[in-house]
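Each of the two complexes below includes subunit A, the first together with subunit B, the second together with subunit C.
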Partner chain A sequence: MMKTIIKNIAPVLASIYVSFAATAHAELTAIDDAELSDAVAQGGLYLSGEFSLNEEGGPIADATYTNDCTDETKRCGARFAYKMGGNPENGWYVIDDWKGEASFEGLTIRTRRVDSGFNGDGADFDKEVLEIGLPSTMKFKNYQYNIGFASHASPNDAPGSYQQTNLYGIEIDGQVNMSGNMLIFPTADK
Partner chain B sequence: MFKLKSGYLFVCLASASFSTQAELKLMDEESLSGVTGQAGITVELDARVEIDELSYIDDGNPLALQGVSIHKTGDDTQGARGYVMVDVTAEGEMQIRHIAEQTHLQIDEIRVDSDNTAPNSFGRIALDFDMENFFQFSGGGRYSPDKGMTVSAYNSRIFGIVRDADGNVVNGLDGNPLTKGAEFFYRDDGNDLMVSFDFEHWGTDWTLDVVDDPFKAGQEALLITYPDHHFKLTVDQIKFKTRDTAGNNYTTDPNNSGLETQPNVGMITAAADVNGEMYISAGGKDPVQGLTFNYNQTLSNGDFRYIDTNGAGEQYEVALTGVTHQTQVSNLTFDVIGDSVWLQTERSQGTIDIENIYIGTLYNGGDDTGKSSMGSLHVDYLFEDQVVGGTTYTNSIQLTPKGNEYGGNKGITVNTNWSLANADIGYTDNGNTVWVSGIQSYGSGAVTFDLIDASLIADTRSVPASEDPFFDGIRIGFENVVGHYSIDGLKVGDDKDTAELQGGTELLLPLQIFQEAYYTLNGHVTMLPGGSDNDGLTFNSDLHFTDTTFGLSVDQDGSGLWLDDVTYDIHMRGATLDVDQRGVVFNRGLYVSNMDIGNVRFGDRASGDSLGRVVLSRLERDSTVYIASGGPDGVCIGGSGGDSTICSNDGGRWEERGDQGLTIGLNSKFVDKDSLTAEERAIVDGIDPNADTKLGWYRADGKVGIEAVGISTDDEGLTVELAVNVADTLVRDKATGATSVKTGFAVDTKIEFNQLNIDRINMNHHVGGAQPIFYGARFENVSLRANVTATPIP
Partner chain C sequence: MKRPVALLTSLLLSSLSIADLAPMTDEDLSGVDGAGLGIVLEDYSYHAGADAAAGSLFKITGIKTSDGRDVEVNVDNIFIGGKDSAQFVDNGDGTSSFVVDPTTVNIGRLNNPLEISQRDGDDIDVRAPNKGVLEIAMSDLADPTADPCLKSGAANCNGFSSRAADASYQGERIDFGLELDAAISGGDNTPLTLYVKEAVFDGSYIRLWGDETATGSENSSDQRNLTLANIRLNMYAPDIFIASCGLDGTTCGDAVHIKHFGLDLIVGVGEIQPAMLSVTPDGNLKLEIEALPAPTATGLPTRIGTVLNDQSDSATWAATERDFYDSYYNDTIPGVKTKSNFYIGDPTIANPTFDTAGGLKVGDTYLGTSKIEGMQIQYLKMTTHDIGG
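What follows is the complex of A and B.
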């Protein structure tokens, strides 16, 4: 397994951008913080806290999984498997042993109208956007997953014949510094 | 005006004697200690009464009680025995004590029919009871010893006394009669609803005066002042039974009606102290006849409980204790207009405080020592007329005989208008308070009440296939209920007037609690007593939301994120509601729903740009929603550990949550449609033969989209659990980087499941049709947690 350790990584939100790419556009913009601080109405949401995935294991405890993450003989992370071929013999792509946590202060969410700024483009744009104000810092701890191929969706589907080959693994520890906002706006028909 | 039609009233004066007492002696209140028997008279009655019709007529419109009868319980050939004892105290006050034994009171029909031709009726009511009343009163009211009347002490109790087969009173170990509940019956279309209860109220110094009416110039009003009133209510049975084709019912044989053996909803207890004053004026909504009420009232030391007894005899409760309710009601009018009874209020304002809320705790006879409370609740509300979009919304209910069109000629239709101008709900958890602030609601529509025997409807009435099906039970129907509600936002702090408005309602979206909604509701909820384990309720329901818009996050200008052009159909079969050690548990049974969101809009709810159409269909079996007291004592942010030391050693920040709090959970079991049993398949086919769990996102014109179909979980389902607290958290000023501690609305969300399977993910195109891009996907062993606290932006 190839393991990559990334510290102080900034562009981790690229995946969010991709998820909206079909009929919406997302854009990272550096709205100044003074403007953001004016957003004290009920539509503005300021969040602090953390997200964690299988921090202390998942719900399954069996021959494959454990909910005691100190037991390195079994998996305690989450798993996502998907299959792109329609034949029974086609294999599965897997994201395996996926776990970790991310804590943050100052994630803001609100809708606002962009009708000025952006070097004059804002006036032409003149639309409502969903603005996600990025937290100043995001601290990752033991965030990791493996990418691989497998013969079945789950090791429990074929205990005797199951096969999996991991291509590489990711582990992230450390603090990510962020600034600016992500704007999401629809372009589909009304 | 009251009018009495033909009938007979047969009251046998069985005996009359001076200074004698009847045999039943249940009253032992201190107020009775003054019964000295100065010059008493006892009258023994044997009453059998039949009245064809007794009408209250308001401006020519009659509210008619037809077939009124009183006789001995279970034997309409014998009169009900009663005693009236009259005495005068040494102080010159009159005492009246009244006892009624084994009495059956029945009203065959209650009609509101101006020309007395329609067959429609509210239904039949009856009451089997024993009763004791005591009144001590004298001349002179609140303002003058020469006018009015004062009831210096009173006590009244309605209940039942246990008797043997020969009608003899059965006494307990203390020599007093064994008591049970009085039994109230409501009959609609031959089906019976029974409520068994014991109600007692008592107090001192009621005054009645006729005074200048402060609300209607030039008119007098009756003023009732009740400075020291108390009540205690125990409902021990609520049962339902469809019509008995063998002809057994409570009138001919109360022990053989079959009601006694039916499942029970559970036990309800209520007790409180009440004081207030009420003006009753002549003339209602229409100016000539009718009644108008104006009153101020304070309910204090309230204790209200629902107790669910399971099959093992364990009793779990939902309890509201330390309840105070102050209310001021202006111009509440009562009228009979046309074929309806009208109640309307100009303004109703009040506050409700609930000191402690216990959910899922063991009932211990009202002793709450050692129990963990959810916290306390404070509600401020104002109902008054308001004009929205040129439409005036009032607060009124219009009661009309006959319920649903196919539910027979009896039942109740309530045409309602409501107008909640403002409300704030404060929830206090370990001394910190969060306010759901600026709640506004208005709307109108019809709500119908019927007791239903589904087989009778199927056999005798032609119900179009487009109508929702009927089920046995107590049916509450919704017919074009068009409404709106909105929430300004949240505030955190003791004083809601100075606390800053903030977001945070968005954190409750997993529970489908939206910040704002416009909706039209049709459908029904039909309830049967009895839950999944003895007491409780069972539901069958079909609900249809149309012309609906949900606001997910809305600012003060009405701009936000909206789900627009929504139709939402919800079908439940065999759902149950119980209270057990987990809290309040609602099992949705076999559940089929379809939420079709025409447009996900940003900005204005009607004209904002759309993200497209989203459709979420669900097929579930035994999914549950549960609500319980308490939550985590604390959470570790940025680290791991169950206490502050371990958390800190792991590099985390410990945030205390206290011992109070509220936990709400949803366990969704998405079922593979191919795994349905034959019985379930038949039920689902009756709702939607293509029912499945799927999620689709489409271009607004519907020509292009992506959809995940055949979504299912294993038997453990997918659990979303939210623990709600008010707690301190660390916030960072983005401009300066400075950090500070703020109190916010904290939601600890845990999403957990063993397996979530997706059969296919298809790309849909209007030319090529559905093309799979994934031939299967599975999430496995997932435990996702978000500890998030919402605060104002620093």
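What follows is the complex of A and C.
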């Protein structure tokens, strides 16, 4: 089966290569080492994005508890549970009823040499860093989640004996302004 | 069969990589010593909040009154920024307006950044022998042995590496604040404004590691099997305001103004006395700081002996009871601190549109300074309980 696929892919790839070559009519001239050494990659990544999470409920529907957005007494958002203890009696930390839309524009990722600024720290530092440019605004629509603690990872794991205590919930509708760059770099051993 | 594909791929790739690769010298390589991840936030500011006029909302839910009514906490403003990110502007009629317009700040320094790293538990300032410890830390204190500001709330603090803002530089000290109003359904709104100026968190960290083998309390043979933690929270701020403004933030009355707030909180001491965060079987949060085991008839309790004898400075420990307990209570165990300090300097109730350099003024209500020094947590167990019924 695998062999057949590979056999079929080879000519396809070859034809893609040929068709690309055919579209590139311009003459290519060789770049010598001296010219190359002047070329510094300035490019980075510019990202914009949007996501929507469990707005209409999720795939696991349960008759009593979860994922029925039409019933206000039930939860319909996504759920994330984690446990930080190896004993059977340890409970779970949960982010529950997590849903809504969020979008951002202008998240950038690039490398940058920091050798000035920072009130004198930059010149001493003089190294490359990874720079993540934060999007200046993030927009949220009906975005919400609850933070809580539960006896089981999911209510469906123990119908009847399941218990959960919610600490608080957050609801955001509107925008969050966030400016600046996050600089990331390796540090020496302590 | 695969040969044409491989050939084609290598052709495509080789045609892309024309640039020369320069070899790294031994000197270059010896300069690479990645042990942790440093993070610096440059020109950072954050601002969110509800704005009824723009139709936006930001609220905290899930809180109920004792008689079962929902309490909605609307977050009107939440912000992080540089010096003077907000101010109380005098309205001229004895009230003031709280105006938020965050400026930018650098958080962390290039030579002393926020750091996520893997620490060696054998280090004497970690004291979790034979474990790898995950550490998330703010900038280190400039001088880790002396923290005069945290203890005394002195006006000029030089023990920090984060610098204050001046005319030419925005600094590394953080203004942050919150404007909330708690609305009880069918009841009143309770607004609250909190504004912390030029706060420093240097020397704070959280350390996490797993514990699968050690016994729990000294008298039990149970395995803890939990995530253990040490937390140190250092915070110093020269000014904190707590005010109650009208819902639109334009009519603030008098505010509580704390001059010099210092906190140096120690939660857990290595594996000598670790903190444990867990969730109970009925879904409640439990924070426990293990009690220090009592001395035994024959000397040091086994658990303490194991921790000290596995450290890199084990030779300096005579491993006698007296040495250990003396050091613990006198806060002289090398590398770690066992005592917490807390300082609230000169709190007053006054109109917040004051001159920040000024001291007490006529008409201010002075509440008296309070100070907790050398607090040691011997044992702590806190559990949440659901009273929502």
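What we mean here is this: the second predicted complex is superposed on the first by the 125 of 190 C-alpha atoms of A that agree within 3 Å, B and C clash if a C-alpha of one lies under 4 Å from a C-alpha of the other, contacts with A are read in each partner's own complex, and residues count from 1 in each chain.
Convention: contacts are C-beta pairs under 8 Å (C-beta built on N, C-alpha and C of every residue); 3 or more make two chains touch, one makes a residue touch a chain.
Keep in mind it's a predicted model, so treat the numbers as computed, not measured.
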Which superposed partner A:Asn90 touches (first subunit B, second subunit C, both, neither): both
Partner chain in contact with A:Phe80 - subunit B first, subunit C second, else both or neither: first
Contacts of A:Ser103 with subunit B and subunit C, given as first, second, both or neither: first
Touching partner for A:Tyr168 - first (subunit B), second (subunit C), both, neither: second
Contacts of A:Pro186 with subunit B and subunit C, given as first, second, both or neither: both
First (subunit B), second (subunit C), both or neither touched by A:Phe51: first
Footprint overlap on subunit A, where subunit B in one structure and subunit C in the other make contact: 33, 36-37, 39, 83-86, 90, 92, 129, 185-190
Interfacial residue positions of subunit C with respect to subunit A in the complex: 1-2, 4-5, 8, 12, 18-20, 32-48, 50-51, 54-63, 102, 104, 106, 109-111, 113, 115, 117, 119, 123, 163, 168-169, 212, 223, 225-227, 277-285, 384-386
Residue ranges of subunit B in contact with subunit A within the complex: 488-490, 500-504, 506, 553-556, 559-561, 599-604, 607-612, 637-640, 651-653, 697, 699-701, 706, 716, 729-735, 737, 739, 744, 746, 752-755, 772-794
Contacting residues of subunit A [partner subunit C, same complex]: 3, 6-7, 9-10, 13-14, 17, 31, 33, 36-37, 39, 83-87, 89-93, 114, 118-119, 121-122, 124-125, 129, 134, 144, 146, 148-151, 163-190
Touching residues (chain side subunit A, partner subunit B) in the complex: 22-24, 33-34, 36-37, 39-60, 65, 75, 77-86, 90, 92, 101, 103, 105-106, 108-113, 127-130, 133, 135-137, 139, 141, 153-154, 185-190
